[in-house]
Amino acid sequence: MTVGLEHFLVVGALLFCLGLAVALSKRNAIGVLMGIELMLNAVNLTLLSFSRFQDTPHKVAGQTFVVFVITVAAAEAAVALALAVSVYRNRQTVDVDQLNLLKS
Amino acid sequence: MNALKSEPFVLNIGPQHPSTHGVFRVKVTVDGERIIDAEMVMGYLHRSMEKLAEERTYTQNIPFTDRTDYLSSMSNNLGYCLAVEKLATIEVPDRGSAIRVIMAEFQRIASHCMAAGAFTNDTGAWQTPVMWAFREREKILDLFEMTCGARLTCNYMRIGGVAFDLPKEFEPHARKLVDTLPGFVDELEGLMSENEIFLARTRGVAVVPHELAANASLAGPMLRGSGIAWDIRKADPYCGYEKYDFDIPIGYQGDSFDRFIVRLEEMRQSVKIIKQALDGLPSGPHSTQVPLALRPPKGEAYARVEGPRGELGYYLVSDEGPSPYRFHIRPPSFINLSVLKQMTVGHSVADAIVALGSVDIVVGEIDR
Amino acid sequence: MPTRWWTGQEMAEAAERLVPGSVAKSTDAACYLHVEKMLEAMEALRVDPETDFLHLTNTCGVDFWDHFEVVYHVQSFDKNQFGTLKVECWERDDAVLPSVTGVWYGAWMQECETYDLFGIKFEGHPNLHRILLWEGFPGWPLRKDFLSMPGGLQPGLNEFAGTARRDAPPVVVVE
Amino acid sequence: MSLLMLITDNWYDIRDLGNVSHEILYQLDRVLPYSLVYIIAALMGFVASFLIFVLPSQLFVGVLGERKIIGRMQSRYGPNRVGKFGLLQPIADAIKLIQKEALTPKAADKAVMYIAPIVFVAPAVLLFAVVPFGGHSVFADIPVSIVYFIAISGLPVLAAFIGGWSHANKYSLFGSMRIVAMTISYEVPLVLSLLSVVLITGTMRLGGHDGIDGIVQWQRDYHIWLIFLQPLAFLIYFFCVSAELNRTPTDIAEAESEIVAGYLTEYSGMKWGLFYGMDIGYALAAAAFASTVFLGGWSMFGLDRWIPSWLIIIAKTHLFYFIFIWTRGTLPRLRIDQLMTFAWKFLLPLSLANLLVIATEKVIWNKATDGNFDNFWVYIFAAVNILLSVAAVFIWARLLGYRPEATPKRPRLVNTASGYVPIPAPSREVR
Amino acid sequence: MLHLATEAAAHPTVSEGVLWAILAAPFVGWALIVLYVRKLPLVAGWLAAAAVGVACVLSYVVLFNVIAKGGIAVHTHEWFRAGDLVVNFGVRIDGLTAVMLCVVTSVAFLVQVYSNGYMKGDPGIGRYFAHMCLFTTSMIGLVLADNLFMIFIFWELVGLCSYLLIGFWFHKPSAAAAAKKAFIVTRIGDLGLLAALLLIYTRNDGNFDVSAIQAWALNSGTPGYLVTLFALGIFAGAVGKSAQFPLQVWLPDAMEGPTPVSALIHAATMVAAGVYLMARFFPVLEASPDARHVVAWIGAATALIGATIALVQTDFKRVMAYSTVSQLGLMMLGLGALGYVAAIFHLLTHAFFKSLLFLSSGNVNHATNTFDMRLMGGLRKQMPITLVTCVIGSLSLAGVVPLAGFWSKDEILLDAWRDNRGLWVVASLVSAMTAFYMFRAIFLVFFGEYKGGQPVDHHDEDSHFHGDPAHPHEAPLVMWLPLVILAVPAIGAGIFALNHGFRNLIVDALPLEIADQIKSESSFKWGVAIASSAFAAGGILLAWAIYYKQWFSSRSIRMGFAPLTNLFENKWFFDRLYEDFFVKLVLQRGWNRLLELNDKYVVDGVVNGSARVASMASDRLRFIQSGQIQGYGLGIAAGVVAVVIAVYAANPL
Amino acid sequence: MHGAGPNLAFWVLAALTLVSAGGVMVSRNLLHAVLFLIVSFLGVAGFFILLSAPFLGMAQIIIYVGAIAVLVLFAILLTPRAGRDNGETRWAAPGVLLSIALMAVLLFVITDTKWTTAKDAPEITAADLGQALLSTWVLPFEIASVLLTAALIGSIMLVRSPEEEAEDALQ
């Protein structure tokens, strides 16, 4: 059986949903962040699959997008982790259940 | 490592740590990599020598002094013998004094070899300087073996002189060694003092200002590294040191590097003294006859010599008995340690190791 | 020029000049200070340009059965002179002396050692603890009566460190 | 003369091992299905590079040679008991390590502690995949070899980190934090220095041969080694890579005089042995990489026509490795804040400046030769770059406060014991 | 078919390199200071002065070239191209640019020299000079730019530098607050500029070139509302930067910065940038009468508000600040009244005499450690040079006959007279008030008894006042020499009005049609001139009578006009309005407050039950607003699933 | 995608990636979760190489494994008292259910759509990518770099400790 676009898309979808599940269910803020990273990876995978298999004039576009996503992910991780650390400094916890200052 | 600022936690340096030169422990509290508190814990090697010495005769006590500072047994013997001689007013023949000077200076070179080597090892130079230093130290220990049969714990000095006269082959060997030693010091200097990394690691690290050095009773290279020109050999000559021409090396600001170069320079000066002593070695008896069961008159005496680590003092109180009523050693490395906290707090862990190495401790002497 | 070793009388003269009434007695070997005035006299001896004893060379205790003497060997770099000060302590059960760490920082570890081996407490010491022996070691080994411990035992033989009572009274003198 | 007859580019031509493997695969392809040959090719390349290069070098240069050479530097013999000249010492070591009990602390995270050595070893093996041993004998000739190398060499840090973290020891934790902080800092100038190489050569492939662009091929084409063209990049690469490899003077992560053995404190037996062995493996890989990028790889100014190219690169690698041994034998260790300062304040600006200069030169070259690159400009650039590098290093060091003349190296001498001797004005600068 | 001036045969021949060098010189100065000499105050200061000095000399080279050759020259290069967006990077040189360059660099140079004296001993002096250099760079860039995009970039840079310099003593809470205020308030205006930029991007094929925009505005094919929108957009930017009503509130607070900063930025250059921008796009204004009227009347309002507040200020520097606001309003008024030449001319003269006045106030502060006029007086003996220069500046500002200010203000009044008599009335009133408050300040500061200044607070670590305020003294050479130099143009710049050289020079920067039309107008009218002189003289006399002779007690006058003075002293309640209404009320409490009011007066009395419904609803809402991201994430994901399913259900493939 | 090699690689990588992503989900120890995450990243990098984007694969390893994973590890170390617990919150059950629902929807969409695919992989080198980034996509590229700078500065400001802030204020 030859592997085609659908296979990659399925892997991407599964990875995305796993990431979503992690992001939605974990209590530790860093765990949530890991879920988000997984989702971003899944998106990258999907983008690249389309870029590889779809017949478009802009062949480089898919890879370019992946570059941007990786960049943004790096920035996001840096800021998110800095946030986690500074939240920890103030409240001695990174448990998202307890981080609900917005709640009156 | 400011980014890693976290809760302070306690780190044990020792008693089983490669850099404590024996069983000795520093409990440091660190914040990230920065030390905020340091506490010394010692006594793992305590043998209660001062108590034991009260039960033995004056001559029997000489081997104990070997075992306090085992890296400079000759100097310890000398200090103790001087104290007893002072207590009992015993004259030492000239040849005996000259031999004592030669041995003490050789012992100083050997000890400083060890100190410099171990210190460079603490800065992370991977064994090479130690090995180089040991090479020369071995030759000096060969001379000791030739003279008294032992290499480390010599037990060579006696009350009233030295145990044996020098063997015939001693002088040619010693002269040969004395000729090569300055070159060796230059070599070590070229390897370490000219090394930018070594400078960066030791400059400005563990600074002891001269006010603190004087107030904290420091002695030896620690004191001289802080810029205080003080050497018992010059200030209060014993064994005829006033006859020899030599200089006191002193440092600039009292950092680790200053102490290191002071030690190197002292090796050169010791070579100079040994040369003069060998040239002017008088003939005659090497020792005064002293009764084995010596009973000094009632009284007390404090005699001191400039040991490799600093002022090495012996305080004896006699009650006319065959053994000392009170036998107290002024251990230089023990007292030099008292500024360890001031030297390390605020620096990083790596600097604490350098600071500890620059004090040049011998745990046998600290714990006695 | 070799060191000038001061006799006890010279020392006493200087101390008396600086702090009148501080000297208890003087011998050839040493000058004995009153406990109450010892810190004042020592500080004066340290800062006075004539005496200039800014280096506390050595400190130790001596047990004379009925009293303790604490010996302070002091010296001056600039004047190249050396002197001996002594303080007597007649209380064996509760031997207390003021700490000289405020005058000479170098007494820090030596006083700890003296405390450890003689049981002389130094008041005002920043961190007086047993430095060579472990906390809870029974008795003070350098006292002359060390062997006559409670029960006449030599400590450490059949009752070792771990089981030693931590807050037992340190010593009972049997005279 | 009969030897010269062998130089025919046929399978028995040992100048390039690729000829042999190519022949074997060609023959296999006739009888076996393609995918099987694919896998066999991969295995063959792996086994060959491992057997010919990695393992012998590791054992006899990394373990034995290092100990012998350092022994000689320290005026002692080094291992000389097992076998002739101690040649069997590495094997004895290995046997000892395997026999030793591998202790696991009670509080340790056991799974992680077991995984860490494996994670540490795997990338070391992978690194050799892209090192070219000859025009055709590259195990994996991928077009982005340099990036591959950078990516893979970032992995062992993780292993060291989790290894140090796993056994709940403060010294190990210190080592882990230090290694990660240091590696992150030194990765930046490292990549920048390699970027300048990529910039001037215009390719990210390490090897290359006649007709295929590659860094080695570029050096052959222009008859110059990149170390002459970019001395600064080479220096920066050397510093950074020795920091990443934990070699003296930057071995702060396992600084034995400070934090006992850093992240290796609780490892023993073969788990420690894997770390130890693969440290050497990484050093060899870095040396091979440096030889490839900066020292002309398997080329030797035409001599590679006569000498087997794999011998050339092995010789260069070992020569480079000798520098590692040498520094280890002679230099003290730096402190972590000094290392960080060095990376961020010294190497980073210099590598950026270097990149700028190289970019300018590339533009000049493009304009001046109108696309037809020639040697003349390369030699001009080499001369200019060497001068500029020396000047830049010197000037930047002075700017950062390097004043060797202001630091006395001998103590003062006085003849009388007279108390404190003040420092004569002008007071010296305290750094 | 439109004829652009660029197509004319004559154009400046100055080489492009010179123009870039003008831009680069202060920039290099900035880089050097930041990188190397930040810690060396003396080197940094004179390096900055030298860098700006180079730019200044080159600017005069450019000016003379433009005078000789006339016309417009544009040197442009493609900067980057992203998709179909092409952004150029270039310089445009014409009469307007040349004049602005000379003004900016001359004042900047003198201020830099002055700063070397004024800032001596400040710990952050390296930072100060670096910021000043960067500011000069961005201002020069703004002037030289040949397209709106570049103008926007440098515009923002100017704003940034202003922020940094106002907040130079950032450890003072007031300075930090003032910097923030200036930044935020000008940002509001910049939104308008950004909107104009986007308008041009969409409506003019992304061509940002100044000439192209002018042509676009003058093109009869362009819809009028677009031109008006564009004009209002850039005017919004100018309102922010030039502190026009209703965004004038930041400028007086900006006086928290060091005095030379106020002199350079908030008197001579940055605030003039708004006027410059409007002048740059004068054809657009010309093409849109609606926008023009808005500009004129807002300018008039600003002028009036500024002048009235200045009447009652007790802080010497704030008098200057409000005077600046008022004069900027006058310039805008002039532009709105189609007085292109007049506005630029007034900008030129105003730059000189206002920076002169600010620097004088700096000198006074240097001697007395305060800006409070109630603590001064009688300084004429101790500070003669400052007195003379300050009086010259004030006379010029008040518009007394032979001095520069008279000529420029007179032209504005003339244009206002021609355009709308209402505008003329306001402008005349303002000029009378100007004369009054300036001489009030002069008499309070330099005449009468000395009242001791502000004692030095030695515990205040920020204070680095050196002298003794009880015995004031003249400032050192570096500080009074720039004043003397600035006094020369403050006296003599009016000479440009005597023939048509200046007028032709800057009018040449416009497209030909408008240029010809403006050139034909006369620039002097005896009646208006006499009237304005009379107003000025009246103001001065009144001040003399009240504050020097004290024929009337100022206190009684104050009492007599109590409501007005109250209004003026509280700055027309603008700050209160913004603070209390916009910030606190609308933004912070508005919505809740509204609900509460609603609850109290509407709902409560009518149906109690509906209140309960509301509270229950809010309980439900609170459950949703739990503050937990994961809850929100869940919602989002559920929404996505629902949408996808819905889409598929609606149109199955 | 022809031949057994790539096919085999796909299945191995898919198993590796998904199993370790599942590991992130189920592991209770946060450190273990990070290790699983790293393996998952490596698997994705392998996918990239398989999809003829070796440069991106390498970039993925450098950035995700070399930087982001290390950052996460650092963050875990810096929050010691928060525990290493990677347990679930009360949203866990609905979250997982919803994920499954989304998965079902996505799988349905993927299988339901007729994808037009090109047979040949486009030949894209790193040079092409760089060319595209600096010509067509230059504006996003610049914005991304500005974003990175902002993130850098922001993170530094965020994690500064109060003492450091006090030190900065003194200067």
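Every chain is named by a letter (A, B, C, D, E and F) in the order it is written, and numbering of its residues begins at 1.
As a working rule, contacts are C-beta pairs under 8 Å (C-beta built on N, C-alpha and C of every residue); 3 or more make two chains touch, one makes a residue touch a chain.
Bear in mind that the values here come from a model prediction, so they are computed numbers and not experimental data.
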| item | value |
| --- | --- |
| Steps in the shortest chain-to-chain touch route ending at chain C and beginning at chain A | 3 |
| Pair of chains ranked first by number of touching C-beta pairs | A-F |
| Whole-Å separation of chain centres (CA-atom averages), chain B against chain F | 61 |
| Centre-to-centre distance between chain D and chain A (centres being mean Cα positions), rounded to whole Å | 34 |
| For chain D paired with chain F, centre-to-centre distance based on mean C-alpha positions, whole Å | 29 |
| Set of chain B residues in contact with two or more other chains | 3-4, 214, 228-230, 235 |
| Junction residues of chain A - those touching two or more other chains | 20, 23-25, 96-97 |
| Shared interface positions of chain D, touching two or more other chains | 177, 417-420 |
| In the complex, chain A residues that touch chain F | 1-11, 13-28, 30-31, 33-35, 37-38, 41, 44-45, 48-49, 51-55, 59-61, 63-64, 66-68, 70-79, 81-86, 88-89, 92-97 |
| Residues of chain B that touch chain D when the two form their complex | 1, 3-4, 9, 11, 17-19, 33, 120-128, 131-132, 135, 189, 191-201, 203-204, 210, 214, 224, 226-232, 234-235, 247-253, 258, 261-262, 265, 348-351, 353 |
| Chain F partner contacts - residues on chain D that touch it in the complex | 33-35, 38-39, 109, 111-112, 115, 142-144, 147-148, 150-152, 154-155, 157-158, 161-162, 165, 173, 177, 180, 184, 187, 204 |
| Of chain D, residues touching chain C in the complex | 417-420 |
| Contact set on chain D toward chain B in their complex | 70, 73-76, 170-171, 174, 177-178, 181, 248-249, 251-252, 255-260, 328-338, 340, 404, 407-423, 428, 430-431 |
